[in-house]
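Okay, handing you the structure first.
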Amino acid sequence: MSTFGQIFRVTTYGESHCKSVGCIVDGVPPGMSLTEQDIQPQLSRRRPGQSKLSTPRNEKDKVEIQSGVEFNKTLGTPIAMLIRNEDQRPHDYNDMDNYPRPSHADFTYLEKYNLKASSGGGRASARETIGRVAAGGIAEKFLKQVSNVEIVGFVSQIGSVKMDRDPFDPKFHHLLNTITREKVDSIGFIRCPDVNLAGAMVQEIEKYRGNKDSIGGVVTCVVRNLPTGLGEPCFDKLEALLAHAMLSIPASKGFEIGSGFQGVSVPGSKHNDMFYFDEETQRLRTKTNLSGGIQGGISNGENIYFSVAFKSVATISQEQETCTYDGKPGVLAAKGRHDPAVTPRAIPIVEAMTALVLTDALLIQKSRDFAKSITH
Amino acid sequence: MSTFGQIFRVTTYGESHCKSVGCIVDGVPPGMSLTEQDIQPQLSRRRPGQSKLSTPRNEKDKVEIQSGVEFNKTLGTPIAMLIRNEDQRPHDYNDMDNYPRPSHADFTYLEKYNLKASSGGGRASARETIGRVAAGGIAEKFLKQVSNVEIVGFVSQIGSVKMDRDPFDPKFHHLLNTITREKVDSIGFIRCPDVNLAGAMVQEIEKYRGNKDSIGGVVTCVVRNLPTGLGEPCFDKLEALLAHAMLSIPASKGFEIGSGFQGVSVPGSKHNDMFYFDEETQRLRTKTNLSGGIQGGISNGENIYFSVAFKSVATISQEQETCTYDGKPGVLAAKGRHDPAVTPRAIPIVEAMTALVLTDALLIQKSRDFAKSITH
Amino acid sequence: MSTFGQIFRVTTYGESHCKSVGCIVDGVPPGMSLTEQDIQPQLSRRRPGQSKLSTPRNEKDKVEIQSGVEFNKTLGTPIAMLIRNEDQRPHDYNDMDNYPRPSHADFTYLEKYNLKASSGGGRASARETIGRVAAGGIAEKFLKQVSNVEIVGFVSQIGSVKMDRDPFDPKFHHLLNTITREKVDSIGFIRCPDVNLAGAMVQEIEKYRGNKDSIGGVVTCVVRNLPTGLGEPCFDKLEALLAHAMLSIPASKGFEIGSGFQGVSVPGSKHNDMFYFDEETQRLRTKTNLSGGIQGGISNGENIYFSVAFKSVATISQEQETCTYDGKPGVLAAKGRHDPAVTPRAIPIVEAMTALVLTDALLIQKSRDFAKSITH
Amino acid sequence: MSTFGQIFRVTTYGESHCKSVGCIVDGVPPGMSLTEQDIQPQLSRRRPGQSKLSTPRNEKDKVEIQSGVEFNKTLGTPIAMLIRNEDQRPHDYNDMDNYPRPSHADFTYLEKYNLKASSGGGRASARETIGRVAAGGIAEKFLKQVSNVEIVGFVSQIGSVKMDRDPFDPKFHHLLNTITREKVDSIGFIRCPDVNLAGAMVQEIEKYRGNKDSIGGVVTCVVRNLPTGLGEPCFDKLEALLAHAMLSIPASKGFEIGSGFQGVSVPGSKHNDMFYFDEETQRLRTKTNLSGGIQGGISNGENIYFSVAFKSVATISQEQETCTYDGKPGVLAAKGRHDPAVTPRAIPIVEAMTALVLTDALLIQKSRDFAKSITH
């Protein structure tokens, strides 16, 4: 459904062609300074129209806080936020009405809800993610205050152009330790921190744009400075919550944490993260981090890092041989311009969902911390 | 936490060295015939000691239904099931007590709960999964009755020995269409349906066993005959629930559905699953199935298929250079024999978690089906 | 928190002095015709300023549907609704700022959230209930379509003026069988269906208004035509959900269903509702209905009826000897005019919460109905 | 369903005629000393057969902890507990098989689940409550450690014999301040702290027993030493959670907190609890406590007190003119001896459910406390 989280909880609403999209964030820490300026940057990063690589629809996506804040301080009560839908253009899609768009949600929404929204699969629209990103802004600000938690996503693959994500490679971990959003954005809208690859990725996208086609990509995300102890075994292991969050993002097809699918072929003797005592932080740390910062479903204080696969966008201008709702074969081509590669724009969504998961897990763990302080 | 599902809901309990492990299954359809014989087969498939490839601990794992069944019929009330822990041997682990086992949950459980269980990370034990498998037996039986839903998992990779899982390859889809548990088990405990690769996989495992080491693997799972409409956007998309379920299984590090990470480099024009009208079933189907049976978070009636990466087992008999809880460097080696590759035994767990996700999603969708029948 | 319900789920937001109040309704049946005209009537019934008996603040409370509806049909996606706060007047309360208002939520909100909102206990404001009433409008419309479910609340007590609510009295049951909202409202804003008592109640209120005081009351509510089978034992018995819902309404102090507190002194031989076969409906019914339409936590098809006690409003203009936040004794008197008796305005809130409980329970039961149809 | 609570969560199972009844308690504070001796006392207080006033069935109800405890310390993992059903006697009910027992759950369970359990309404059995009481033992022990929280229930009414529960009466509050379980039990099984009334109550019960009839009662419960800040507006106000919990107990028909239904006729000027600064505890307290320790849904540090109405037991030996499942009129009389008044035995159930609500609310609030400490 449209609610996510247990004691820090987000509920979103809205599709492409309604009055507004937005969310209610419940369980917000009280007394936190908060204005729309805290929320807007990630919304703007998510926004289409940031470069020629993305769709030219010029949505403004200005967030308006409705409740839960007084004199720029959170009250602890639910914070509702809305972002108006300005560029609705519902008639753009008229010609396609008889066709369920291939690999889009038109057919499944019809099966589930027995209706065809003018926007096709209503909540399968990318605009659905705006509420998530707005909510993530609050979560991120809180995590920053708790322990300077940093969440940074970047593009690690576009089509066949792929950064090495070798969990044994110190360079990869150096990147994870040092990458910032500023660096990610400084490379341009492609948001790949490897400057050489970034150019190849842009070319890859341009190639598919020229063909009226689209292409997928991978977002890799790192979380630094997270406290230990987060995650609630056995079903709500921290990686399980992250996987849930990531696979709920439109077009995502895969998730891997730490060594991921590569780790399968690494023997235990190499895959195990040996412990050592770190003099600087005066605590146990691990020499390697194949685990990706989570062991037994619980954060261990090392960097959390994971990757999310995004398939190529389903809406393409190329002609497609498919059939109508009533089974007649035909040719369908989307009108208008379409974003050939949404992966770079998925970054703030990945970051937001990460922040939502971590804030909820952290707040629950703080309760566990209290409990164990009492009983010992 | 230890509860999973909304209206079909499972709660598990138990660790390695307590009296029993088990579960309570709530929201069970009433009037279903059910005996322990429905539950036992998957428990036995999960059990260690089935072949020389796995650990020799000879646990019996006999399930005992405690409630919710009368005269072999479910009452609709919660079904509690317990499986006694017979082979506890808590002293086996004594020498390791000063060391947090690398890449196990000892350290994180200490951080989270402030204690060291004699079994290390209590619920990180593989025995925790018994309750899931028991519950899955009920779910599977129900799904079978609803629409002959079939869930079949198999090993598609051990270490570097890898089956091709090409989503464009008709052979792969033929396998997904025809594979059965009987076939999977007929190959031996390795449970890889490719007879040639099965041998290589066994050799791979034996190699690591010889080195007192361990190795990971991938389980691929297919779901056939599932109705359309399952999944609750936007946060409870069906693939998100499956990802949550799979990443909650101990040692899992990755999940991909349909084309997964491979799909990233396939352009939209090829990745899109075109529709056609299927004369046999008299409904729309897709020519290809790169989506993996889910579009927009909702099942579309095609096969659902996904893969789960399992890292190599953390407990190995090889000496490991690590450190004690209080930071002193030292060498640790687990005593006793240990399973060098648990991936084949993960299959019934993957199948069980799949069944739990689908039963809950299906029951919720039946409510949606009612609602839409009223309002039209 | 601010979310209520399992598969039909409402999340509300907003306090007195923010931009808007409202809600997101999730799990809405798709294909239902819906406009703002379906929502507005109950909001208007809840609105202050309807008569001289209530507060003169003239809020408009116009609902604006933001999402989830297209061409006046629900999409099955979340429906967000907002109602702007027009009459904020935050300075009215300035003089009271040093005092936690007695029996209001100022003190407990400070304890919980560590802050003083300009509106005192932010979400303890009566405006919080607007989102509930808006959501209830959708639920009621659906229940009506399912089986003509009727929910009617009325005032059965104001101060010491009390209608007889004898569960043995055929007259009382006749009232429950026949009362409609039209009749309730025809009596005037007091909303007591007993014309004679209505006058006495008005006098009771006027007496307290004259003293700058306030007085409480009881709302009794009946549900007719509800299907059997609703309610999920053992913790989510239907009466438990109703009790939860009712005690979540501001100022409510008690709930009783069927014979309630009176039933305590009735022996089982009289209290038991004997069965008979009803020729008209061709099903088992009960001769009496002391149970209040629920047995074992599950609806039995008879009228559900219950009563909710509301204490006198805490905000009064009379001087009160209390103390400041820092413990100094002093005298506090609220400025402005205040509603001396909110019980009549609580009716649409009681009705809305009832509709939310029943819709969720009904949708879940429809899933159970499917399950049992399969397994038999 | 059969799960209660958010981060301290109980799931129960079991009916009269299965192998065992019990529960899984999840989210248990780790490191707490716990043995079966902590759980047994309340189970024994709940047990029938404690005096001639109650049913002679001599159930042992010995709890067996299955998991989550090692060396008498909680692990933080789920604690499963089971209590075997020794005295099953399923054949006792044979003659009644054609009749849905009036005001029992046989009919509604048939409607909901489409079957007749040999025990009639399976989970409507009083044995269902054993799991709750076992779980409550853990919760109570934790609350005691946190701030010496004391929860004491007592019988305040049996049939027409009624203690005065006047919220203005200092004597009543003196009782609430001083009553202990030891005192309650010292009076005998009737558990009414007013010695004179206790005798009259025993006579009242004997009168109905003589008539093969039954009679209801009221349990009043007080909570002392609870911290401020508990409760999660707006839907999870502390009184709403308590009401939910209490109305989920079999045979309960009403709940009132603080002044309750009596408070309706008390004007605001008298009902408002004025504040003063308490030198002893150095904090704000209220002069009166009509609110019952909760304001705006949040605990204010005063005693919480509430009452729960229990109807007369439905199972009586007297002949009842009712009808069979297929609608034929007939006369039904339960065989065997039956408890004419279960109210005294409901006390440990009321106390347990109270403890479950408070532990969950307290753990959540500790998380809120952390959050506000960070953001200020």
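Note that the chains take the letters A, B, C and D in the order they are written out, and that residue 1 is the start of every chain.
Heads up, the rule we're going with is that a contact is a pair of C-beta atoms (placed from the backbone, for glycine too) under 8 Å apart; a residue touches a chain by one contact, two chains touch by 3 or more.
Which protein is which chain? UniProt says A, B, C, D = Chorismate synthase.
Quantities reported herein were computed from a predicted structural model and do not represent experimental measurements.
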| request: Would you mind telling me which chain pair, A-C or A-B, is linked by more contacting C-beta pairs? | output: A-B
| field | Copies chain D and chain C - interface residue numbers shared by over half, same or different | value | same
| said: Measuring centre to centre with CA averages, how many angstrom lie between chain B and chain C? | reply: 45
| request: Quick one: report the Å distance separating chain A from chain B, using the average Cα coordinate of each chain. | output: 25
| message | So the centre of each chain is just the mean of its C-alpha atoms; given that, what is the distance between chain A and chain C in Å? | response | 39
| task | Going through chain A residue by residue, note those that touch at least 2 other chains and give them in order. | result | 1-3, 7, 12, 30-31, 76-77, 109, 112-114, 123, 233, 368, 372, 376
| In the complex of these two chains, what residues of chain D are touching chain B? | 1-3, 7, 9, 11-15, 17-22, 24, 26-27, 30-31, 64-71, 73, 75-80, 82, 109, 112-115, 117-118, 122-123
| field | Residue numbers on chain C that touch chain D, as the complex places them | value | 1-4, 12, 99-100, 102-105, 107-109, 111-114, 121, 123-124, 128, 157, 159-160, 208, 211, 213-218, 228-229, 231-237, 239-248, 250, 252-261, 263-269, 271-277, 284, 286, 290-292, 294-301, 309-316, 318, 320-323, 325, 327-329, 365, 368, 372, 376
| message | Looking at the complex, which residues from chain D come into contact with chain A? | response | 6-7, 29-32, 74, 76-77, 142, 145-146, 233, 363-364, 366-372, 374-376
